[in-house]
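Following: one structure in structure tokens, then a few remarks.
Labels A, B and C are assigned to the chains in the order they are written; within every chain, residues are numbered from 1.
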Amino acid sequence: MSATHQPTPLAKLEQKTIQEIILKGQRIDERGPLDYRPLTITLGIVEKANGSAQVYLGKTKVLAGVKIQTGTPFEDTPNEGILTVNAEFVPLAYPTFETGPPDENSIELARVVDRGIRESKAIDLQKLCIEPGKKVFVVFVDIYILDHDGNLIDAAGMAALGALVNAKMQEFEWKNNEVRYKETKMLLPMQNYPVPITSVKIGNSVIVDPCLEEEQVMNCRLTVTTGKNNDVCAMQKGGLGTFTPEEIKQIISSAIQKSKDLREKIISKVN
Amino acid sequence: MGNKEKDKVRLLDDKGLRVDGRRLDELRPVKLEVGVLDKADGSAYIEHGRNKILAAIFGPREAHPKHIALADRAVVRCRYHMAPFSTDERKSPAPSRREQELSKVVRESLEPSIMSEYFPRSTIDIFIEVLQADAGTRCAGVTAASLALADAGIPLRELVAGCAAGKVDGKVALDLSDIEDKKGDADLPVAFMPKSNAVSLLQMDGSMTEDELKQALDMSINACRTIYEMQKEALRRKYHVEREEEEKEEVAEVKA
Amino acid sequence: MTIFAERKQLVGPGDVLAEGPYFAGENTYRDGSKIFSSRVGMAEVIGNKLVVMPFKGAYMPRLDDIVLGRVTDIGMSGWQVDICSPYPAMLPASETPMHRGRDSVRQDLRTIYGVGDLMIAQVIAFDRTRDPLLTTKGRGLGKVSSGLVARITPTKIPRMIGKKGSMITMLKKETGTDIIPGQNGVVLVTGGNPDQERTAVEAIYMIEREAHTTGLTDRVKAMILERTKGTRVGQ
């Protein structure tokens, strides 16, 4: 059962400070409303994983790892590989993260990142078929939150994308009814690069990439995930507040624009 | 190897009509009934297309366990759940990750309407059971749950109405059915409060351009307005009052 | 300045009742220049105040309310009492006439009220920060040992009492029973023979079902007469 979250640890006075500064068009860390925090992406940090990426977005730290293994395809897609995304809100990342099965926030994050990758057809799943109807490659994307300072969805989405573009697998061929693995490695076949951009409403102002305190004070958030051709492939509103239709349209426009920069940053790391 | 074109299903015929004969901007039939359960504090039943969904409210009631209570407002709890027989393939009764996500998303769509500050240290529990599913269940669930909250006498700013839009065969369409959701190009569930002009639920998956998104958003918001009127009508039917003949008074209109 | 709602008009959450310098009374709220209903009920205009009389809702205790409650726990200095509200009530031992002051040992308390006992009590304190406090010091308050209990929606209690007590007076007279309504929707029926008491309970549930219809008093009276035909003793 989903329940109203416990209140923010910020005192009313601290909340007021943030709200007032936003009203002036500024932010507590001196960014502009459309500025992202300093972003550092490091690929290939876990050699045992097929692919991995570490994202530092301000003080938020997320690590994503990709493991590619074989498995049986789903009945309704016998010739397609499988994508599965999971997120762990590791207890060391924040004082109130607990051990145990994923809670609703972790599940929501994983599913939103999954939607971005899946609906944009980022991975060419057709190229992951080994034996039609019997054997395919399964791409496991595991998102590990290491330090929570806000905007976990964007950091996780970018880490997942970084891990995927960095992922390598054995080249293989299906010949004479059997699979043959070659010596050489190939990159995971990618054809799109989805980037989530999260905007947050505080009072009547909208800002992008909220830090933790901004998240704790927000009315609500809207994540818009865009692919390489400016097609939106996923959206998710969260939080107890509401948006007007006009605010939503504005957020979509600016998110599509913003995603271009971030996509460029991630792709350029591959080389 | 795989041939994705082979199984492509046509969702629009030559006249631009959909699989169930609807036009692109046509809503499926909606039926609403309020106060259908005896033991729940409030309840409502919705049939939206082939969706059949029951919503019930318990509360405000004492918070159990005590430590979950909030000092200055009610805790709103929400469970969105699908019956095992509700879908084509039997669904395991255990809550899936999808149901957990939707429980959160639905709670967050209804909470803005609830004046929960009236009931500190208590809980308001919302239960949504999907008895038969045919796409758009979270939206229909919100519509029914909002009526159930009103039926329970819980103070609300206004009702919340839900309806999805999407894209089939490259065209923006209102209120996708199950096959359109599975084989279509995009799905956009929305819940809306007309008086406040406030969108409280918004998700999207698929592929849409910015213009298509805006078109779909407008389409679903308009449908939400229509469903909102149906909700009010359902409340009127339930609480039909015969006015005391002796006490009928003129409408008081005091113009300044 | 306009009032949009007619008296006794059925309204629901979000329906606009008035615009202008009016007061937002119970179950309404102000947003900008307009006043809206927050619940399903009947709109009323009292002077320049808009209120809504709700059809259903949880019982929120008010100071001086008479309530019927059931003991659920015995503590060091009193009893926890279920008054069918989101808030469990407390009856401190010092608020009972039988209590002798100091030495409220658990055994002593159990001799006054045990778990499951029914009582008529009065609310002496309640606010947002603490649970309601009760007293049984007062005329007519105390343990209930006999009679029938009816539980109805608290919002229907006023209808059961009627304008100037017209409905409840009729009920008592026609059924030959004494009826004590708790503001929390729990009603005690005593004083008659079993048939009379059962008839009174039936009448109470009928009032709950048909609270907002016309001619209810007459129809309830007719139902009582029908049920007690041939069994009435004098009158």
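Everything below uses one rule, namely that a contact is a pair of C-beta atoms (placed from the backbone, for glycine too) under 8 Å apart; a residue touches a chain by one contact, two chains touch by 3 or more.
These numbers were taken from a predicted model, which means no experiment stands behind them.
Participant: According to the touch definition, list the chains common to the neighbour sets of subunit B and subunit C.
Facilitator: Chains that touch both subunit B and subunit C, as defined above, do not exist here.
Participant: Can you figure out the chain closest to the middle, judged by Cα centres?
Facilitator: B
Participant: Report the chain whose mean Cα position is at the greatest distance from that of subunit B.
Facilitator: Following the centroid criterion, the farthest chain would be C.
Participant: Could you state the distance in Å from the CA-based centre of subunit B to that of subunit C?
Facilitator: Once rounded, the distance between the two centres reads 34 Å.
Participant: Starting from the mean Cα coordinates of subunit A and subunit B, work out the distance between those two points in Å.
Facilitator: 27
Participant: Round to the nearest whole Å and give the separation of the Cα centres of subunit A and subunit C.
Facilitator: Centre separation, subunit A to subunit C: 54 Å.
Participant: Mind pulling the subunit B residues that touch 2 or more other chains?
Facilitator: In subunit B, the residues touching two or more other chains are 193.
Participant: What are the residue numbers in subunit A that touch two or more other chains?
Facilitator: none
Participant: Quick check: in the complex, which residue numbers of subunit B touch subunit C?
Facilitator: Residues 41-42, 59-62, 71-72, 113, 115, 119-122, 150-159, 193, 195, 232, 235-236, 239-245, 247, 249, 251-256 of subunit B touch subunit C in their complex.
Participant: Using the touch definition up top, name the residues of subunit C that touch subunit B in the complex.
Facilitator: That would be residues 1-3, 6-8, 10, 12-15, 20, 27, 29, 31, 36, 38-40, 42, 45, 54-58, 86-88, 128-129, 155, 212-214 of subunit C.
Participant: Contact residues on subunit A for subunit B in the complex?
Facilitator: Residues 1-4, 6-7, 78-80, 102, 104-105, 107-108, 110-111, 115, 118-120, 126, 129, 132, 220, 222, 227, 230-245, 248-249, 252-253, 256.
Participant: So in the complex, which bits of subunit B are touching subunit A?
Facilitator: It is residues 1-4, 68, 70, 73-79, 97-98, 100-101, 103-108, 111-112, 116, 123, 125, 186, 188, 193, 196-210, 213-214, 217-218, 221 of subunit B that touch subunit A.
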